[in-house]
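Each chain carries a letter (A, B, C and D) given by its place in the written order, and its residues are counted from 1.
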Amino acid sequence: MRMVETQEERPEIMERLHRVGITNLRTVAKINWKGREYTFLPVIEVTIDVPAEKKGIHMSRLVESITEAMSEAVEEEVAKVHSSLEELGKCVIERLEGKHPHRRAEVWIKTHLIIPRTTPASGRTSYEPYDVEVGVIKHEEGSFEKVLRVRVIGNTACPHAMANNNGKTHIQRAIGELEIRAGFDEEIPLEEMIEVVESSFSHPTYTLLKTVDENAVVQGMYRNPKFVEDVAREIFAKAKERFNGKIHVRVVSNESIHKHDVIAETWN
Amino acid sequence: MRMVETQEERPEIMERLHRVGITNLRTVAKINWKGREYTFLPVIEVTIDVPAEKKGIHMSRLVESITEAMSEAVEEEVAKVHSSLEELGKCVIERLEGKHPHRRAEVWIKTHLIIPRTTPASGRTSYEPYDVEVGVIKHEEGSFEKVLRVRVIGNTACPHAMANNNGKTHIQRAIGELEIRAGFDEEIPLEEMIEVVESSFSHPTYTLLKTVDENAVVQGMYRNPKFVEDVAREIFAKAKERFNGKIHVRVVSNESIHKHDVIAETWN
Amino acid sequence: MRMVETQEERPEIMERLHRVGITNLRTVAKINWKGREYTFLPVIEVTIDVPAEKKGIHMSRLVESITEAMSEAVEEEVAKVHSSLEELGKCVIERLEGKHPHRRAEVWIKTHLIIPRTTPASGRTSYEPYDVEVGVIKHEEGSFEKVLRVRVIGNTACPHAMANNNGKTHIQRAIGELEIRAGFDEEIPLEEMIEVVESSFSHPTYTLLKTVDENAVVQGMYRNPKFVEDVAREIFAKAKERFNGKIHVRVVSNESIHKHDVIAETWN
Amino acid sequence: MRMVETQEERPEIMERLHRVGITNLRTVAKINWKGREYTFLPVIEVTIDVPAEKKGIHMSRLVESITEAMSEAVEEEVAKVHSSLEELGKCVIERLEGKHPHRRAEVWIKTHLIIPRTTPASGRTSYEPYDVEVGVIKHEEGSFEKVLRVRVIGNTACPHAMANNNGKTHIQRAIGELEIRAGFDEEIPLEEMIEVVESSFSHPTYTLLKTVDENAVVQGMYRNPKFVEDVAREIFAKAKERFNGKIHVRVVSNESIHKHDVIAETWN
């Protein structure tokens, strides 16, 4: 039986589409970073462009590219495992090359990193979770760009209330987001981006805190009061110094005195 | 043309189903509470039971019951507008009586209340938002039960850190949830349930706070340090004193020193 | 007692911030559209820029601007009620003018519209919900821009499967999003944007469907099979014809044969 | 310096709390199931009860129990890795025994499973994602109970529309949830629970589908039309036959002809 390839037909409305593909696909991925293997259960999006004269794309070929890139990592020897999430993304696009014509392609991988830290007073190990997202974009002329995003949980201790209440102030959880858009070959480790954000709050936070550690964090927050504006500026200034690329910073503070949040955002 | 009513057929697998219906339906509702009209855009769920020998229900009749109950409120004179969300829910069930056989029915209405408050120092009016959910259940023997839920944003100031750091402590946003399950005719205003939760935090929060108000809130939090456990106990004790019914309390504190939350929950 | 205004101090890190303010604020709003009053419970974000040499902004003045703009609508006579969500947003910015120095300001209002429709066969009235978001941006040179977004639930019936299975195909819910960025004075009713999206699916959907209506919708979907690509192109082409401005279209189809979604996106 | 243990004080309001602890903690876990290692990045909740006369609990000891149970798996040899998520949960409770007095304890672990399947016509391997949650409860008298939950994405093809439209019908994605509450030692593999749900839809879904597979899925759905009620009944009947324990079934269908969902739920 011969199959109809409706995707190859000429569409009624001839408009080029920039991004067509699959999204919200949960899968398993493995990378080998600095000699150690990490497993993720990321959510993936893969898109390509569609020219005005083709009705649609062959979605299953995008899925095959993902599966093959993942299985490389899962089934071949460790030496061949991709060394970063962006390498994994690029590999999906390279798999796509032979499978589906396109001029432009994007892969987005969203997952969590768990990084061990040392607590500030007792010196215990605490495993800290971070949300990360990596995008790899192949442009029409063939160049590769990457977009790296980290999301870190920290805090703000309000300097205005502190100045008006003899050192008492309101404190709250805050979330800092840093995005960098750069050439694919720029070396920008997600771990360093996380470090830039985490060090810009009133104090870093920890999953495990014994009483002596809790005291250190509390006293640290009071020594370092910050508006959401201050956190955003510090992330932005540090990121500009350390990384090449287009930088976007967004900090949201879950105010303990309000039911709404406050926000500070900037970019270059 | 005669329609087939597949729903009336005998199913292959004969099991009674307790809850069948429509869910996540966004609509418009109006109630007349204490002489003033309030408009909501709630999300609604309506379910009935299905006996073992019927294949399915006629879903459109549930939608009709909702639409008719809502239009009563929207289109008839104000005097006929329902006086509370649970009255509105009961009215949906009453509309269902004539439309679709069943032994058991439930209506759930989820929306927001905006309540004006006076700020603690400057005496300004601040409009405070609360999440509420009301369930009305008609049991098989014909009795009506209601489930009332409120969700209030407040805060906790940690007493343990305060005792160990000369009055300094970590503070954070916390969320208190109170659920009461009672006979339909028990008088339990959502506003009073909200008041019980909001007054049990280290201090109530406000949308609008001038500097003098902010100072009052900050100083109030330090005068009233509370664990998430303390907040849960206070809500529970006050609710038991004021309301008849089965009470469930859940408080989650978005710790400013951790990336995770802490929780305290109890019930009778 | 004299208050310290920490916000007016010179910050340690001198960087201009483009967007600082309040977000995730739930409140009540009223508009008077074509002679009829509509009440909303929107979520609002208001931001202004902060120059490099000021430490922070006075957040409470943003809240006051919102509250005052909303109360105009709530408490003065109906004639003064704002005639659209973007007028309401602009009014918040105008209130801000006298309260807080800034060069740039943004207001974002996110809510739901409920619009009555007539069902395709029985001619009943069905109330359909839509998500909308309106942004109003005052640029540094004083010009006003608006961003209008609608999100509509529809469906896709796959033409490829239909061609290969003698008219049988997989069908699923799809979500279409249309964003238009235009000068503030362009007349672009949200209702028309919704109509553009809703009419571009395989068939519009309805909250209330009697069996004859359901049949009409089902047969309509089979007569009009569409890829997610086709839906995106139709929305884009119609929007370009009807509206001035920068257009962005995004369609996501919740595939019934996969666990992931497919996506088509384009812009001009 | 001597620390104050505020947690050990007598609270003002003396009420027993059933569940106090940490929640929304993202971490890394490893299990060794049938000789193969699996890594997860689960979200964890751990709670214990608090007697009326103690003000609070020592939260850090709960975190230590989690970290130690996880590191067993991460750092000791594979032979000691826990053989299931519920074993891992029980191990957290056992770690807690020596650390913090309590009468009752709960551990909840939420994660994703990725399971390889074979596509229906081309025989390819397709990796399918499932949401799972496992709760382990230590009751006051010392017995252990477990709660197992799976969430599977499938579909429904409406038999009523099919009967009224000459074989044409509306089809849509549906989500089936199965929960079993049983003694800890009952053997109830999550994979079997997933299989029960996945086989009860109109047809299973696949991440990878070549055209011949897509045809098989489409034709399968038309051969097996089902209401959301039918899916719920089939899951319930199969689960009762295969597993001991208290069973709860919930199926939600994202209707392609409506903007809302339909639901069927039952339990024993």
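The criterion applied here is as follows: a residue touches a chain if its C-beta (ideal position, glycine included) is under 8 Å from a C-beta of that chain, and two chains touch if they have at least 3 such contacts.
Everything numeric here is computed off the predicted structure, so don't read it as measured data.
In this assembly, the chain whose C-alpha centre lies farthest from subunit D is C.
Both copies, subunit A and subunit B, contribute mostly matching positions to the interface they share, with over half of the numbers common to the two. Once the centre of each chain is set as its mean CA position, subunit A and subunit C turn out to be 26 Å apart.
Inter-chain centre distance (subunit A to subunit B, centres taken as mean C-alpha positions): 35 Å.
Rounded to a whole number, the gap between the C-alpha centres of subunit B and subunit C is 27 angstrom. Across the assembly, subunit C contributes 3, 25-26, 129, 160, 164, 207, 209, 211, 214, 258-260 as residues in contact with two or more other chains.
Contacts from subunit A toward subunit D in the complex involve residues 3, 25-28, 39-41, 60, 63-64, 67, 70, 111-112, 114, 125-127, 129, 207-212, 214.
Chain contact summary for the complex, subunit B toward subunit A: residues 128-129, 153, 155, 160-161, 164-165, 167-173, 203, 205-207, 209, 211, 214-215, 217-219, 221-222, 254-260.
Within the complex formed with subunit A, the residues of subunit C that make contact are 3-7, 11-26, 45, 47, 50, 55-57, 59, 159-160, 163-164, 227-230, 232-234, 236-237, 252, 258-267.
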